[in-house]
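What follows is a set of structures for review.
Note that chain A is present in both complexes that follow, paired respectively with chain B and with chain C.
Presenting the complex of A and B:
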């Protein structure tokens, strides 16, 4: 994919279903390589310097360059790309470009997958210079990520897994399989029309939002009594409805409450898809909507039907009522009206509005000056909390850099395939230090002032854990409500 | 769609004028402007970049016709192919349908004809169908001639108007024309999803849904 690649490594699994053999890029040994000064200047100079080495870039040669090549070159300006194609090599999706114009590139990806498959093996990733290319071949579809953002193959695999789940959520795995059994050459774009914006939003979120990385959701900070009243209003109006599986209230992509049928759990990955659906659809604000959606972890082969509506013009929290019964729209619509009336009567709408307006807390509220930022995941409930990004992480470049650090630390600590499962890691870096601590109950990733003495770190982190404990009932949903 | 919980006409109250409730569905290829038409009709808004509808959106709007108040329950369906198999759920029991095409795109007119055919075969035999040639503000890019569409509409017994959700041209008019054509008498049975009955459900003020939030009588 990159003609100038000097160093290409194939990272294959050692047989079907085997865990990934992690071949680390020699450059990756330092956590800070990708934020080195050189890189910063390179970014600031923008891309031309990269392409100028290319002889065909001379003005007189421009006409000679094929359309394909021109498109591929425009893609090179991106740090990260994601492609989706069918096993027959038909383009389905490309982040940051028109898949239509990339037919030969898709052909190449297909060939790479199949030439490794011919040896009864699976291609997982390729390292080519600064680029890492990850593959996921699942069912009738092939997912490919090309990135120079420094992600590990495990992270890219996670991202591609989410892209796959999103397609399943739109069509179901069963329908997907059937389509391609009937017509191997089917152009899936016909069936995915309008889902592009969900995919775009999801792929952006995967880079921006720690929720995906942690496999957790963040909750809107509310007094527990308010949250209980909200859950109670939902239970009152929904408990008698047959076939209602989940009732979920979201505010600014945060969970306000989740009420579920006793025997079913909602997997965080499914919840992420629902949050993504709401976040990428402004039109839900204008009317009540009724849509089929498949939650792959709940049932990859069937649709649930979702009644989606915002609570009120004066309260922009979004309620999702998910049922297995496709004829329940009006029943759910009525239940929703009942819920809103009760929430209004008990002043819960104001409480939600206030919490949304607050928008979260900063490290100043936590008041431990040595700690700049952190992610804390409560493992048993798959919920997390994090302060807003404040200085120095309030500009997008610094924020991205910190998120990338969290990603890498998470990968080292936890993801399957990494050689070590660590409990505590402390990394001294140029711009900040990172402390990562994983127990059976929590995961903590904290960015700490670089000049703090190592001995002083643990007491500060303990102070942070105490603060979280004291705020726990506001920041997390501690009791699970069922119908 | 399943029946609503509170249904059936109340015995008195019709003296102040009738209130009729009709289920109306919008069908058509994706990106022809179905949601924009509804949004213009219900909220008087237009968004240049209206995003594609997910599943179907439900809205209500009320119009006054002489002494009758007509409440439309509008199902705005998504035009993408993957939702096609769900369409019967929305047009079943509908008293009216607006089939929309884009005057600057011949294919969407072909698709509209397909919807008309499906409605005439599968929907209630008395359904009132209107054909809307939307985006009439794009006259310079016109691909479907007015006369062609009108002839087609006449042959198939459809109401026909060219509309523009952007300029609001003919938007209220097409809904009003439908309201005029819908039967406002005859008592639908209680217990009522409009079901197979093609007649609007007469309701009284007391029976009004709290849900709509739509302002009465524009």
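Presenting the complex of A and C:
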């Protein structure tokens, strides 16, 4: 860590404790003092054999130290890292690295969190040179993000929150708590088998998919009549099923329709977890699956049971039926068959296939030559739409660059140190101009031709808004269907 | 002696005093009259101005008391007896004005047309008159605080000198021994006399030596000769000195080490300037009547450099000397090369620039009464050495840079940074006096700052307008932008402000691959309007292609397509054959790729 420019941000609302924390020299003996004696002895008693990698306990293991160093060095090449550990300092997950080789690094992270907690305060982030280190201490787990991509602490905290939700979605918060109450030193990796893949995919998505940035989902563009028939088919076959909470149809990570029990809402963050689940699991394509899943915003302490299946071999849309009843697999399987048959009868499968094949619309369809690309979020429904990336964002490098620009603009809209948003920002960039416009109804981020006059931008953007309005019924799900 | 600052001119010889020859001197016309046998054997008139030399005879009419020519050399006046004046030639004398009061003695200075009379019983009351354009002005009387005549230390006529120094009309009063024993030696009290106010005591020259003193004025300097030590002091009333608010006390600027001698050896101790036979006349005449020689006192500025220690005094002194330009420049250069502090350098520059400014101001005043503009030495102060910026560059800064180029690298850097400080100081001084800094000074400053890597300083000088905008400076900055990249933007901003170099701005922008900026600038100039059909679009498309960056080519191509749409109603370029290569390239880069690969969001 570069000590020369280190700022530590604390959550002052948590406690009246000290407002500043100095980063201690790791070589100082006092640094390890706050790991209480109790914990150390416990570890020694319970898992003396498993601690071979902990160099402090095993001075003979010189190779492990150099191996540690090597791994840390390889991590430095990454722009962004995410670590998950238990409050006892047990490694759980590391993006871009093997967690078990980083025991001492995890120890350091744990130390930083507790060092501040001892003063009745909570560490939120550290800025060190170009790096920003964000901490999230939730229940028995500690989440740490290290990034030099320029995210704000708030954005990093959002990412860590998603990581936390993912773990809760696998275990539920209650179970998580119970495990660590029983055994402080529990190696959670045993219970999270396979979740690494979900986590990797989720963390990639957080950087690349504007859905997370906007807190919204995108919908498969369909004629409203088609969408209505699909919803109708689902309602028809599911309305009589007790305990069915949500029925969701996804196509290419886009929402086709969502039918819900009248009294329950599905938070976009929970929907993101479901989309992430489907996107990262190839196995769902092979057969109908029955999987427990906890939706943290819906109920952090209980499982829903999801019947997950793709509609048909000739239609790669994925249907999720979520129920609270764990014995309903066959009932739901039957319902699904009924839905597919009805969709096939009403030619909805073809419509979905066509829409998926189209992939979406391009700026050429929008026909405003001055605007190259945009993200538009309808705030009341938490849905967004964006055209396909087209020239000149027609390679992955340019695409990533534009997404990074959107991310940066999103940060800019938030006034530092306040919860209020800027309303309108226009930036002349090196290769494009960017306009961000936030109202109560929408958020718009648009990449504009660099040679357009500033005065001409607003009229063009208004033209774009008109176009979106005219396409609204296709691009968005405007009415919510309930059982 | 080569390093002597005071010298005697080659003597003008005349027939010395003898039983048959009497010698007269007229200090108004600076003429020596050698009268042989009362004029019967001839009168030889000689002086420094050769056209005033005459030889003539006149009948001996008895002993001559005084003999003088009129200013225009047409009338000779000869006084034979105390009461009679004989007019040799025709003409008359008219009584202009008369004042009557008892007069002990009087002095007259023909140059300043000042008449000083001494009156009163003690001989301590002085009554000056000024003759200005034919009128006689009686000035206020003033008393001197001296022992009355007859007492020791009393003054006599010979202790008063009327002189003009720096265009000021002065009365110098020589006090051989100051009263009291507080300090040794005498002093010279200087009174300023002018028409509009009563004479005021304004300078005291601290002679600090006892014994007999004689005074000359040469090159606006007061030279005090000491008979006892046979040395001379030089005072400059133009230099600052200790002051009590009214009177400035001056120490001698220079002490001459050697006694003044004629080129040839003096025959005896009693002769020459310090001898008893030496007679001193104002302002700069020394006559030994016995030897028959007349010398003019001369001041040589060349050796002064080593003789005045304080750099500020040195330059201030030299700046008021006649024909001293080369010496001043040389002195400044030597000061800069030495270890003179920046503070002192700044003061030195201030002296130099102050005169330059006064001169410049006078020269640029509107012409009055059809007089030709005077561009020579300053009108108000002709003795001033005017050093313009070009002189400084040619004779001071350029030689300094030349000496720097020869030195070792470690010294070189120190030299560069001193040089840049010096140049900044000079620019500061010019600004101080509201003088526009010439381009070559700024050029020197900018290059030196960049060589010194003092970019921040350069930036500030540019930002705050110390280095003014000019096309030349912009070009210089552009050429320096390899060493200091931000210089490029500064140069562009400068050109933009000048508003006369739009073509160059476009060229520079295109050269640097800033095609967007170039096009935005074009638009600002209104040159992108469809009406400007003459615009060479291909230049911009070429530059965009040359950038080898699709993020540049794409918008430029699109932009011109949109322009075409406005101009011709279709995005096609006209005539198409001239734009084939760009259209082809565009299709290659974007349309073909688009067909084969569609990037899908979330894919």
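Going forward, the second predicted complex is superposed on the first by the 411 of 483 C-alpha atoms of A that agree within 3 Å, B and C clash if a C-alpha of one lies under 4 Å from a C-alpha of the other, contacts with A are read in each partner's own complex, and residues count from 1 in each chain.
We take it that a contact is a pair of C-beta atoms (placed from the backbone, for glycine too) under 8 Å apart; a residue touches a chain by one contact, two chains touch by 3 or more.
Here the structure is a predicted model, which means the values were calculated and not measured.
Undergrad: What is the contact status of A:283 with respect to chain B (first) and chain C (second): first, second, both, or neither?
TA: In the superposition, A:283 touches chain B alone.
Undergrad: I'd like to know which partner A:458 touches here: chain B for first, chain C for second, both or neither.
TA: After superposing on A, A:458 lies clear of both chain B and chain C.
Undergrad: Check the residue A:111 against both partner chains and state whether it touches chain B (first), chain C (second), both, or neither.
TA: In the superposition, A:111 touches no partner, neither chain B nor chain C.
Undergrad: Kindly classify A:291 by the partners it touches after superposition: chain B alone (first), chain C alone (second), both, or neither?
TA: The answer is first: A:291 touches chain B but not chain C.
Undergrad: Is A:424 in contact with chain B, with chain C, with both, or with neither (first, second, both, neither)?
TA: In the superposition, A:424 touches no partner, neither chain B nor chain C.
Undergrad: What is the contact status of A:334 with respect to chain B (first) and chain C (second): first, second, both, or neither?
TA: First partner only, chain B.
Undergrad: Can you list the chain A residues touching chain C in their complex?
TA: 209-211, 218, 252-254, 359-360, 369-370, 386, 388-396, 398-399, 431-432, 449-451, 453
Undergrad: How about chain C: which of its residues touch chain A in the complex?
TA: 516, 519-520, 523, 550-552, 554-556, 558-559, 561-562, 589-591, 593-594, 597-603
Undergrad: Note which residues of chain B are touching chain A in the complex, please.
TA: Residue positions touching the partner: 1-5, 30, 35, 39, 42-43, 50-59, 76, 78, 80-82, 86, 89, 210-211, 213.
Undergrad: Mind pulling up the chain A residues that touch chain B in the complex?
TA: Residues 170-171, 190-194, 197, 277, 281-284, 286-292, 306, 308, 313, 326-331, 333-334, 337 of chain A touch chain B in their complex.
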